[in-house]
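Chain nomenclature is as follows: A, B and C, assigned in order of appearance, with residue numbering initiated at 1 for each chain independently.
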Amino acid sequence: MGIITTKDLNLYYGDKQAINSINMDIEKNRITALIGPSGCGKTTFLKTLNRMNDTIPNCKITGEVIFDGINIYDNKIDPMLVRKKMGMVFQKPNPFPMSIYDNIAYAPKYHGKKKRELDEIVEKSLKAAALWEEVKDRLKKSALSLSGGQQQRLCIARTIALNPEVILMDEATSALDPISTYKIEDLMGELKKTYTVVIVTHNMQQASRIADRTAFFLLGDLVEYDTTENIFVNPRNQKTLDYVSGHFG
Amino acid sequence: MKTQKVYLYNSIFKAIVFFFALVTVLSVILIGVFMIVNGGPSIAKVGLKDFLLGKVWNSANEPPQYGILAFIVSSFYSTFFTVLIAVPISILVALAIGQLMPKGLGTVIRAIISLLAGIPSVIYGFLGIIFIVPLVQKVFNLSSGLTMFSSVIVLIVMTLPTIISVSETSINAVDKGYMDAAFALGVRKEYALFTIVLPAAKSGIMAAVLLGVGRAIGETMAVMMVAGNIPQMPSMLKPVRFLTTAIVTEMSYATEQTRGVLIGIGLVLFVFIFIINSIFHFFIKKAGAVNG
Amino acid sequence: MANTTYEKRIRPGVIAVRALIYTVTAAVVALVVAIIAFLIVKGLPYINWEFLSKAPSRLDETYGIAPMIINTLYIVLLSLIVSIPLGIGTALYLAEYSKPGKVISAIRFAIEILAGIPSIVYGLFGLAFFINALKAGSSGGSMIAGALTCTLIVLPTMIRTTEEALLQVNPSYREAAFSLGASKLHIIRTVLLPCALPGIVVAIILSIGRIVSESAALLYTAGVDYTMPANLVKHVAEPGAGLTVQLYLYATEGGSPDWVPYAMAAVLMILVFIINLSANIIAGLFKKKVSIN
């Protein structure tokens, strides 16, 4: 069994069903890519994993997401504590309007880390996100002064500072230039040694380059889920083949 | 021929609306010039220093004394305490209706609070006379409840709707992405609102505070009815006279000389408002530059 | 389930913050409701036709408010006659003709200053300019002086609200009309003003509300007279107290039984309520209409 397992997971926006009965096992210390055309439910599915859909009104979820031996949709569960263990990086870089240092230290401070531990956490996280060398001399500068690619790596560092088990990335490179994208893809390869990474991507080359396993979504269904090689070279389902060979999307 | 006519009409219309737009500028200039021309000589006669820093106001004396320091200090004193209390309350209410409550409930409460803004000053003053003045008299065991304290309470209620609505607008305009990021980090809304959203809305909230300051300094009739109106240096539980109420109190029986001095007080108010608005203008521009 | 790491716990901090925010909000709402309910409950029983239709008379011991209603309406109407064209014209200039530059910043800054000037300063100016310098009406104040003073007060509201309405008109209408070769004036007349009409009505209603509640600016410009005007045309040069000013006088100087200020306050509250409500309803409908476009 993987680190995250979904069982018969359904999600409805009002009366409209957005994802249909997903059963999926996400493996530890691997990069799992969720692909599919726009509106296929891949981002929605990603957000069910750390309960980010909770903030959307009229959104109803049935089924289970098992993480760390518990169903995170159980009534007794506090989603904030789950999110601490499952960091998320968004499509648009969204650093807080404060200094680089404070961006990283913000969540650890909130979660009770002592002041003297923070310096170390900031340095470690920025190093892990391959940003330390670029910003170590201007940690007190506003995070908004960074370039888009740097901002996104800062957001990754901010997530790492939580010391999570899983990092969820929602099209984290789609707003970036090719060089920044390359740097982040490179970074993901490093990250999977410590963390489990789940990414949503539009970009099939990206999935084939970096993912260990790939899941193809269509109209809210999980059509096919396999090793990346099988999905791209030898898919079992005709729809997967059509998609990965560029017939629609 | 016809196109020429159309062109002519268009030009005439444009000239007319341009002239109308200029009326606003002309009015401000006219008001400023009139205050200076009518108030300036009187201030000069008293002496600017004796006028602004003189502690004694007695227009009935022979010769009359026209020191308005007590009015200036009283106006600032009341404004300071009004803002001190009204701003935190307003921010909490703005957070409640814009961020924490379900949308429908927020809308209803917003509409209810906006009713406060429409209530005439004299009604606030009237309510002050009926409720606050007797209450203050009783609680503090005073001979009269007409005090600075009563004015501050009335001013707090009167400035709430403005400060709430302007700060709510700026709070709601803060990028929703910050909140998502905070949630994804397992940070609770209550904490993120105070540590991220409020600091991000800082310039808008400053604008709200300045608007509140302008309102509190300029308010006349409501405080006129509850302040006791005695020209002396301010103290919370003493009757006071403000810049605005000084004008109203003496205008009706003012001598020519006093009238000039009262217009001088108006000029001082005008200058204060001018300064506040200039800061406000500057803030909005600066905030716009940062966001853009 | 053995793992309790992720379970909900009672968090005193979160509860305390929420409790504080909701308590303060509830207190403010309760205050508003209490003010409105108190004034209406206390004053409503005294409002009857006699109260609304008669003038106060010491001899007959009646305390009607008809002259004050007439004075308030008089000032509102007179002021609107001037401020509607001025306000809409300025808004049209700002929204349609102006190009960014010094003139525009000066106009916008002037509007901000006008909006910030305290009523009492307007009152002083009105007294010095309209009454003393221009001799507009009697030296004790006049309807025309009061109305012109109020015009200055409502101009910022009128201009801003109208400009907002003009800017909300769907730009494609304008482009379509332009591409058909219509002149700017024609577009303003046939497209912009009709489309922005609800917004302009809101501007007018808000201005009315502002004038109805005004007092400090009117005390010395419109004066204090509670007799019934004999001739409405001549009344333009005569002084007269509106509802707010008369309420102020009754509340501070007495001269009436206790119930009179309550009844006047209730009348004012009902008026303000109606004005607010209609502005909100029209603005709401306008927003819907614009968003469908």
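We take it that contacts are C-beta pairs under 8 Å (C-beta built on N, C-alpha and C of every residue); 3 or more make two chains touch, one makes a residue touch a chain.
Computed from a predicted model, the values in this text were never measured in an experiment.
Of the two chain pairs shown, A-B and A-C, the one joined by more C-beta contacts is A-B.
With centres taken as mean CA coordinates, the chain nearest to the overall protein centre is B. Taking each chain's centre as the average of its CA atoms, chain B and chain C sit 17 Å apart. Rounded to whole angstrom, the centroid-to-centroid distance between chain A and chain B, based on C-alpha atoms, equals 49 Å. Rounded to whole angstrom, the centroid-to-centroid distance between chain A and chain C, based on C-alpha atoms, equals 53 Å.
Contact of a single residue of chain A with at least two other chains is seen at positions 81-82. Within chain B, residues 188 each touch two or more of the remaining chains.
Against chain C, in their complex, chain B makes its touches with residues 6-7, 9-10, 13-14, 16-18, 20-25, 27-28, 30-31, 34-35, 38, 89, 92-93, 95-97, 100, 109, 111-116, 118-123, 125-127, 129, 157, 160, 164, 188, 190, 214, 217-221, 224-225, 244, 247-248, 251-252, 262-263, 266, 269-270, 273-274, 276-277, 280-281.
Here chain C touches chain A in the complex through residues 1-3, 5-9, going by the rule given at the top.
Put simply, chain A touches chain B in their complex at residues 50, 52, 55, 80-84, 87-88, 90, 92, 94-98, 106-107, 110-111, 155, 158-159, 162. Note for the complex: chain C touches chain B at residues 11, 13-14, 17-18, 20-22, 24-25, 28-29, 31-33, 35-36, 38-39, 85-86, 89-90, 92-94, 96-98, 106-107, 109-114, 116-125, 127-129, 133, 152, 155, 159, 183-186, 188, 209, 212-216, 219-220, 244-245, 247-248, 251-252, 261, 265, 268-269, 272-273, 275-276, 280.
In the complex of the two chains, the chain A residues touching chain C come out as 68-70, 72, 74, 76-78, 81-82.
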